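Before anything else, here is the set of structures, which you'll find just below.
In the two complexes that follow, subunit A is the common piece, with subunit B as its partner first and subunit C second.
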Partner chain A sequence: MNWVTEPLQYPFMQRALLEMAIIGVLCGLIGCFVVLRGLAFIGDALAHAVFPGVVLSYIAGKSILFGAFFFGILTALAVGVLSRSRRVSEDSAIGVIFAAFFALGVVILSRQTGFRRDLGSLLFGNILGVSATDVWVTFAVAVVVVGVLVALLKEFTLAAFDPTMARSAGYPVFALDLLLLLLVAATIVVSLQTVGNILILALVVTPAASARLLTDHLGRMMAASTAIAVGSGVGGLYISFHAATAASATVVLTATAVFLACLVFAPNHGLVSSYLARRHGHHHAHHYHAGEQLEG
Partner chain B sequence: MSDPNGAPRLEIHDLSVRYGANLALTDVNAAVPAGAVVGLIGPNGSGKSTLLKTVAGVVRAATGSITLDGASIRERASQVAFVPQREEVNWDFPVSARDVVLMGRYRTVGWLRRPGKEDRAAADAALERLGLGGLGHRHISQFSGGQQQRVFLARAMVQDPRVVLLDEPFTGVDVQNRGVFHEAIREFGKRGITVLIATHDLGEVQATTDMVMCLNRRMVAFGPTASTYTAANLRATFGGQVAVFEVAQ
Partner chain C sequence: MILSLIKRVVGVCSLALAVSLLATACVPSTPATGSGIGVVATTTQIGALVRAVAGDEVRLTVLIPPGAEAHDFEPDPQAVKRVHHARLVLKNGIGLDDWILGTVENAGGGARILVVTEGVQILTSAAGDEAGEDDPHVWQDPENVRVMVRNIAAALTEADPAHASVFAAGAAAYDARLVAVDAEIRALIEEIPPQNRKMVTNHDAFGYFMARYGLEFVGAVFPVGSAGSQASARQLAALSNLIKAEGVKAVFAEEEVDPRVARELANDTGVRIVTGLYADSLGPPGSEAATIDGMLLANARKISEALK
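Coming up: the complex of A and B.
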């Protein structure tokens, strides 16, 4: 019991755990669409591209959220517009932009004294240093992002599953895509101060990718992804507290461990169940059985 | 099935479509009655899919107009049901067959609301009619190609459309299972719904269509299948790419 209650005596740990739980819900839910739409690379680009904003607000002594939001929105819009153009290879364009922005952030920061220490805390986040205000801001952003995602869930689903039909039915698919990118940007920016630019993508992608292995149902996937994100966030913090390891990296590795467990043991898509199904000579039999009867 | 005397349901007037500097399609003029099943045929890159997508409002026309029951088709987007080519669908997305069919109701359900009991009942009934009753809970990737196409036909059904657009619907459908498929297409026609089918599968044209439009970057011919699906028109449409065997009647 000590293992659980001991960290709770420290106010910084209370705030860190609360912050981690909110970010877990946020990243777990939005991560599902990042994974299902194949936006992981764009998400990583966003996380890096906001770095100059983070640095500038840090130097100005403001909350890093201000600069990061500005650059996040800018990048999301640029990516959205670029992805529409058929003349530029989307991947290359995004690659060029995010590396350049990231380098710009490093160059600006390198003019400051104490460059290395600052670089470390900005790149890897500082979950143990979050203030009560930070927690409230994260909560407010989470309410807005999750609210929009849930309100437009069926439209986002249609645009992701069958964009051509969505457009023919009169849905503004481009605007929906852009809005989704903005939600991803907001999620990444608000999570930056906890896990930093380098590792944030793991919190967005890993729980959702694990959840996808567990179920073929969107609602259940979102629930599982949230549970995994919150669980590995809180669990990782506890482990880092007791093992005296870097908090954000421990959280990421905890999530990765869950992912590996899902990859191996997931009931339908896991390696073990696929292997067993093949051995018994009816690979995915539960999938195709009815099909064979009807079409056979 | 077609009613040549009624007012045309779908009218295409002087339509042309450009992709950048290239003219993808030009000179399309057609008046299609309610309930007619129209086959769009032509070689690869002839503009079949482009025409369907223009009617669907996914591709913008460079010139000309498309009207549905006299009004611009863009104002009637919710009455146009579109079944895209297989490659345009994200099959890994976690949706069940019933979820897919329910998408046909999204416009009637409206923004910010969820499909209700009635919508779910309509979806299940449509699946039942297409021979997939009781399988609605299955993930869409767990069906065979032909079954997936039937799920999409069910989605078009529950949309309660006036026009149904099918882009290469016979892809992945076994020859012996095309019966259910033909029946469903005929069913649309019987209910007065106009159906446009873009297909490279010429074997299906006589079995399923009332009218044919021959395309090769422009409209080569358009009319009732019996008088338009002729050796001369096929040669004019496909050039040397198709061998036409004429059977003495």
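Coming up: the complex of A and C.
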């Protein structure tokens, strides 16, 4: 049987591939803003801070989306509000809140003595156990998140890279920042059940970081990031199918391999081309300026 | 950059650590019950057998609570204290609860340690990474449980000769109960047409049950014998082919393992999903599966009902 078509005859693989592709688009697009704005730490914090929500939903026997999304919103709001204080820097606020929420999850879980089933699927996700309903929910969330992102692309970009100018132009910068955090939270929560708490950040950050090495243009970066995320998601699943390895970890390692390839071979920012440029005496002063990107 | 990387690594490590701690240390053991000599049982099964043999004439502590993972369990300080005061520590052996040896050593007090499965005919696991290794789920065969009852009664009598007649009576009564249950289960399995006597389970935990009652093990969703590992897509695909080829009627998901993958597999192949089988642990106190005979019958009813 063919390498490509064999997995497709199994419905669980069809759902896993579809889910992975949707999540790839979502994480690829959101990931660009996470990487460019340096939100990787808060992304990781969100993935951990939703833990009590996951635990509560799990205990109640409900989809983890409900609890996780509630705590995701709570975390995004708390970080946004706390970091407005001059005395509490944003990364301190993140540190305080995500540790507190994670501890809350641990305490709730420690009170449970009954049948908890296994924690493995909470930590590493369960891409092979994705139901048709899960795929539809992911799709709906993706449509909303991508819709908001595209509709407000100009505002987000300006607020992200030139907040002073955005403020003087009358944009509600704080609200836009908060909205972006909520979109990141939604992305992370909806991807959680496929790859789990620990590996989710790789899907958000790695494809966008790879794309950042390939181009200076925001539009192209978003396209490349999405392509890399979908490609490593689908490719990783195929590899895991044929090599009989754990699905989510294989996806993450596939994305990492793409990142390393970009790091070495990227046309302008890769190690090889930088080395060649230095040898030829060109000073390649290529810096990222949001203002240019907007017009470009 | 480096700093945030370190933060992240520490975060991930602490998460993994916290959860592994949770899976072990944070679960409180059931408080001691009864009065008499101190007896500590590792598993819910051994605890239930001690209760059946001795009634309330021993002070019994069961370390692993219902539903908790047995392999990497770590008792809380209260439990260690009771191990210190115990005369007798009863363990399952066969690689399931070897951590108790360290606990007894740390606790001091000089309790006698007895492996209650001594003399049981041990089978090897059929599936996954543990294929070929000794299967610890001996309590899934009532004949093995009778051996365990005899071992427990003998050890209790030696530790507390004054109550010998109580233990002998309790052991005899439970032995009779197990013989009756064995016949009941056999009758339930007889109701299944012979070509339907095939099982797919979440993990390979029913080897003894299937061997005794002539059921065929087709495959397990999770590759290793213990809970918590990830299913691989390749092996899941092979299993879904097997289910169709063998005409398997149902997929059984145990109470202790996440049933999601098993549920989707059953949906895809158009067979029934049966949840709530008790594999590694007895049910919580008061449930129908709180005793070994109750657990075996509850499982047999579900299996018979699904495969008929």
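Criterion: the second predicted complex is superposed on the first by the 274 of 296 C-alpha atoms of A that agree within 3 Å, B and C clash if a C-alpha of one lies under 4 Å from a C-alpha of the other, contacts with A are read in each partner's own complex, and residues count from 1 in each chain.
Here, a residue touches a chain if its C-beta (ideal position, glycine included) is under 8 Å from a C-beta of that chain, and two chains touch if they have at least 3 such contacts.
It should be emphasised that the depicted structure is a prediction, and the values quoted were computed from it without experimental measurement.
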First, second, both or neither for A:Ala151, with subunit B first and subunit C second: first
Partner chain(s) touched by A:Ala49 [first = subunit B, second = subunit C, both, neither]: neither
Which of subunit B and subunit C A:His217 touches, first, second, both or neither: first
Per-residue contact with subunit A, leading partner among subunit C and subunit B: C
Which of subunit B and subunit C A:Gly170 touches, first, second, both or neither: first
Partner chain(s) touched by A:Cys262 [first = subunit B, second = subunit C, both, neither]: neither
Partner chain(s) touched by A:Leu181 [first = subunit B, second = subunit C, both, neither]: neither
Contacting residues of subunit B [partner subunit A, same complex]: 53, 56-58, 74, 77-78, 80, 82-84, 88-90, 92-96, 99-100, 103, 106-107, 109, 111-112, 114-115, 131-132, 135, 138-139, 141-144, 146-147, 155, 159, 165, 174, 177
Complex interface listing, subunit C residues touching subunit A: 4, 7-8, 11-12, 15-16, 18-19, 22-23, 26-28, 65-69, 227-237, 240, 255-261, 263-265, 267-268, 281, 284
Subunit A to subunit B touching residues, read off their complex: 36, 151-152, 154-155, 157-158, 160-165, 167-170, 212, 215-218, 221, 287-288, 290-291, 294-295
Subunit A residues within the subunit C interface of the complex: 6-7, 10-13, 15-16, 40-41, 44-45, 48, 91, 95, 98, 102, 106, 109-110, 113-124, 126, 128-131, 197-198, 201, 237, 240-248
